[in-house]
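You will see chain A twice below: alongside chain B first, and alongside chain C after that.
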Partner chain A sequence: MNFNDLKINFIRFILAILIIFFLLLSFGINPLDVTNALFIGSFGSFEKIIRTMLVWVPISLASIALIYTFSSGMWNIGIEGQIIMGAIGATFIARSFLGDNFISPYIQLIMALGFGGFWGFICAILKVKGGVHEIFSGLGLDFVASGIAIYLIIGPWKRKGIASTSGTEIFHESSWIPTVGNLDFPIFLFLIVILVYVFTYFLLSQTSFGLRLKATGINFFATNRFNFSSERYIIYSFIIAGALAGIAGFSQVSGSYHKLVPTISGGFGFLSILLVLICSRNIFLTFIISFLFAALIVGGSQLQIKLDLDHSLVGIIQASFVLSWLILQRVNLEKKILNIFSKVLTK
Partner chain B sequence: MKIELKNISKSFGSLEANKEISISIPGGIHALLGENGAGKSTLVKIISGQLNPDKGSILISDKKINLGSPKIAINNGIGMLNQNPLDFANLSVLESFLVGNTQNSFISNHRKTKEKILNLFDNYDIKIDLNEKISSFSIGQRQQIELLRLLYNGVKIIILDEPTSAFSLEQKKMIFDTLNKLTKEDITIIFVSHKLDEVFEICDSGTILKEGKVVYSMNKPFDSDAIFAKMFDDTRTKNKITNIEKRSDKFKLFFDELDMTKHKTFSNESLLDFGTIVGIAGLQGSMNDRLVKNFFSRDFSKSGIFFDNGDYIEKNKLYYMPADRLERGLFEDLTLKEHFALTYSHINKYINWNDIAIYGEKKIQEYDIKANITQKVDQLSGGNQQRLMLSLLPESPGVLLLEQPTRGLDYNSANKMWDIILHRKKNDIAIIFSSTDLDEIWDYSDIIISVSGNTIMNIDSKQNLNKENIARYVSGIID
Partner chain C sequence: MITIENSLITVIALSTPLIIAVLGETISEKSGVINLSAEGTIMICALFAFVFGYLTDIAVVGLIAGMILGAIIAAFLSLCDIKLRMDQIAVGFVLTILCSRLSSYLGQGYVRISGPTLNKISIPLLSDIPFFGNILFNHSLITYISILLIPSTWLLLNKTTFGLSLRASGENPNAANSRGINVQKIRFIGTLIGGSLLGLSGAAFSLYAKYGWSEGHTTNYGWIVLAIVIFGGWNPFRAAMGAYAFGLLQVLAIKAQSITLALSQILPLLPFPLMIFILIFIQYINRKDSSSVPLIIKSLIGGNQPESLGKKLPKEF
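Our next item is the complex of A and B:
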């Protein structure tokens, strides 16, 4: 990404925030109060920062997963299901004989990768061999995964004595994601995400694999002439995406909830689709915007306490941000503003 | 219905597409003939009101009509049947009639209209269920339905723009039957085509256009020799193939009955020297492009390109260039640089963008591509895109499979293209290309395969042929 793109995105960001401010004003809410509450809610204490991180991790992972599938021209609506399957895979290990062993989280990670990747693979195979559109199969597989999770929670994995949808038994502490010393900071997850970001950046910009993925997304038919098959790269992209979404599921069960709940994905999969759309597959931007979204989600709880505003305001802010961003992208106002700036500066 | 065109002229910039064209059609089926770029489609567009001529007038039944508006043309009873059916595939036949109906008021009397339509279909002996969806019919049937729909809307003059290019023989018969019946109702048909056999079969009169001018007017019975001479003249020869020393290695082409019909067999023993240029001549819509493509994708059961020992030539030695550049050839959202990187993506795991840039700049120079290496390919002109495609083919010797390598290019770009292609002749195993331009086929091929529809009419080396023969073969005529 060149410097000019960054500037344009920055101006677009400011404009989108301004639009949201006006929207809040029209509701009779002071936007500065909201900003303040959100900031305190997400970064006000060390504990809150950790909670923000624990939301940022799955959103980031799901977004990167989608960057792969969008690169190959695929709409991975099945991302939610892939997160849930990852969570189920991790839970399976946490509840097994390994559950009280220190090695459990690492095995969970591998299982989550496998389960999520497999769920993505099904979608890809249906697309490539069966000609099923990935949106339909993805949506279907989301429901199936969600159904499996509910079945396990009220069936085989129910808590002793009661069967409720509130989730499974809390995991043994050895199965929780390791933290540093006395702090609760999930350094292990943090490292994984940073690694995934760096690796993805390198893979997509510096390798033939990344270029071929991108080429597949642009012209499915032309790839044959360059001695590779689009179909194979679609399958690769879905397996990678599924595996990354699986890690997001692992982060949810072993990092946030410490148990499997029916809503384990937290809707982060669908949120990430919006996020990647506004970031147009740009990794730097994804890094920043996913962080903001995480802060917004965690900080939202403060709105109720501090300002007596409903938590649903967070949804409104999120949605209007995405919408204004997309409209601004279309209108291309930033370029004009940038031109005016540069004219003024040169004078 | 009599239609007269008087002194129609139309130019686009410096290009004169129509020059003082005057045609008088008393009725019946009139053929409009000519090669690609002769000015047929411009003239048709003027008649159907899509273009306004610079000069000239059109008279229908000796009455001058206004030009330049499709609506006026329709009101004057001029209708057009396009190459591909322009209908509503998702509607039923009845619905499609109602949608296009200009006569009825907002609330239409369905029963009465239905009766009227049924009568019409009966008159033309076409038996179809009006409630069936259009998409369930064959293309031939759809064109028939379109014809009747035009008729239902009161059309008196019908222009058919190469209507049979996608038809099977039966479908063609169906349409021709309908056309013959139409002429009996005093409906005039203008039949645009370059398939001479069809013209001989059904037309009553005809006009040949060349470079925007009327060069020949004809009436039944047709003098086929004169027509050939007028359509394809031999003045433009530009054989630039310099004699290259004969190469001892051989390859062979094999065409199996399972994959196509053949009139003439190419004996399997006749091996071709490495470096032979094989031109596949055929009209638009014939299988000539498909032959080239299937050689690459190996969609044929047995036909293909082989070494003289009978082995298939390996897939990675087949270098294919499709006719539709952006649809199947290039990646419109990628830069030139990224394209060059893709050509080496099977060798390099990591991309060294600096090396790629140096390599790319060299290729851009060598192939005379007028573009910057960081530009996206959809910003390039057709000629530059075509040369880029050529520059992306591996340098190591292989079989070049070129689908209409100069399609849509102007004279100079086409020449440049061939300079580059001929340059590869001395190293490559073979160069196989398809074209609808007989001059191009004649100028550059060593072996010429003539194709009409799905049939191979003739395969022979150039010495044993002449241009007129090829013109006959691709028109589906065997002497």
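Our next item is the complex of A and C:
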């Protein structure tokens, strides 16, 4: 990422924030009050920072997952389903004989990887062998996964006596993701995410695998000339994406909820699609924006308490941020502003 | 006997908004545009229709308001696609999220209050036919509209010059362009018609099929619409059948609630795996020598996916 890109992204960011401020003003809300409440709500105390981290982890993982599929030119709308399948895989271990053993979280991680990767693989096979548009198969697989989760929650994994959609029984504490300190800092998850960020950065920018993946996305048919099959790289990208989304599901189920609930994905999959629309393949930007979005979600609870505003305002802010970003990207206003700036400065 | 009659009446009532939405999405996909904003459009139009109906106390005003808003959202999507050359799928997806969140925010003051509803209109003579008369001819205005829309959509697509241009734009925009069709304009109009029908469908939810407003009032219906369009193989009649089948499924799910909770939760998700199977089958008969597949099966679950569905228009347009 060169310096000019950074400047343009920065100006675009400011413009998008300004648009949101105008939107809030048109609702009759003071944008500064909102900013303040969101900031206190997400970074106001150590507990809140940790809660922000716990939201940031799955969003980051899902966004990186989507970077892989975007690189190969695919729309992975099936990400929600992959998160849910990862959560189901983790729950499977947590409820088995391993549930009260200290190795449970690590086995859960592997299972989540496998389940999520498998769900991504189905989507890829449907695309490559079945010729099914990945949007439709992804959407279908999302709902199939959520159907499986609902079935398990009110069927075989129901709580003793009552069958309700409120979730399974809370896991044994050994199955929770290990934390440190009396504030429960999720060190294990944190390490995984940092590792995934670094690994993805190197894989996509420094290896021939990354180059081929991107080549597949740019021109599906030209890759034959270089003696590799685009189809195979599409399958790889979906498996990696599914596996990473599976870890996000694992983080949700064993890090946040400590039980399986029907809405286990928390809508983070769809949110990550929004996020990656902004960031495309830029890992650095993904890191920042995913943190921002996580802070918005966690800080949103303060909106209700402090300003008596509904939590859904956060979703509006996120979506309109993305929409204005995408439009600004096309209109290319930033370049004009940058030119004006440089003219003023040189005079 | 009475329960069967009542169930069938419920099936038709519940399917009403779905049919309208499915027909709208079919028109827009036939022109080559996947309107992925369906979920959000239906949701926010349901709210707007209810609010306008509530403020004026005339349900028909609500219907019109829903339709207009649906058309505005579709116009926005289409302009982003055609003029700004943004990805239609990306914009549609963002619009879905934005509109559904907006609906929960703006609709806070209208949760679970009673407003105007569309009255039932019995068609004289026809509604006196025993059994069928009551099921088919004793509904609200919007149900009759939805039933009339099925053949008219088919006629529009298959028997008019506009329909021919629309299909050409969806199949092969290059060829259409060289035949002197303004593909951009046709796609814009197609998306606009589709969007206004999605809006009307939202209005039909909050004013008739599922009275009133609550947060997430029409959750997942937009996605189901996308599934049923494929289930219908981009054919208005089959799509409508799919919508009725889904209505039946919903009624069965309500009935199953007393027997097993699991079944009632899972039945409404059935269209999605079915959608995937249909898509696989379509590709299968397109690839293999299709003469080996019996004609009846082909016409029942085959379909013609518009060739350039979801693809960007070439730069020179």
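The criterion applied here is as follows: the second predicted complex is superposed on the first by the 347 of 347 C-alpha atoms of A that agree within 3 Å, B and C clash if a C-alpha of one lies under 4 Å from a C-alpha of the other, contacts with A are read in each partner's own complex, and residues count from 1 in each chain.
The rule is simple: a contact is a pair of C-beta atoms (placed from the backbone, for glycine too) under 8 Å apart; a residue touches a chain by one contact, two chains touch by 3 or more.
Just so we're clear, the structure is a prediction, and the values are computed from it rather than from any experiment.
Shared-chain residue A:I59: touches no atom of chain B or chain C. In the superposition on chain A, contact is made by A:R225 with chain B only, not with chain C. When both complexes are overlaid on chain A, the residue A:V331 reaches chain C alone and has no touch with chain B. Judged by the touch definition given at the top, the superposed model places A:F143 against chain C, while chain B stays out of reach. Greater residue coverage of chain A by touch, when chain B is weighed against chain C, goes to C.
When the two structures are aligned on the shared chain, A:Q206 is found in touch with chain B, with no touch to chain C. In the superposed model, A:A215 makes contact with chain B only, not with chain C. Of the two partner chains placed by the overlay, only chain C lies in contact with A:G315; chain B stays clear of it.
Chain contact summary for the complex, chain A toward chain C: residues 75, 77, 126, 130-133, 135-137, 139-144, 146-147, 150-151, 154-155, 163-165, 270-271, 273-274, 277, 310, 312-313, 315-316, 318-320, 322-323, 326-327, 330-331.
In the complex of the two chains, the chain C residues touching chain A come out as 34, 36, 80, 84-86, 89-91, 93-95, 97-98, 100-102, 104-105, 108, 215, 220, 223, 226-227, 230, 261-262, 265-266, 269, 272-273, 275-276, 279-280, 283-284, 286-287, 309-310. Contacts from chain B toward chain A in the complex involve residues 296-297, 316, 319-322, 327-334, 338, 341-346, 348-351, 353, 392. By the touch criterion given at the top, residues 206-209, 211-212, 214-215, 218-219, 221-222, 224-228 of chain A touch chain B in their complex.
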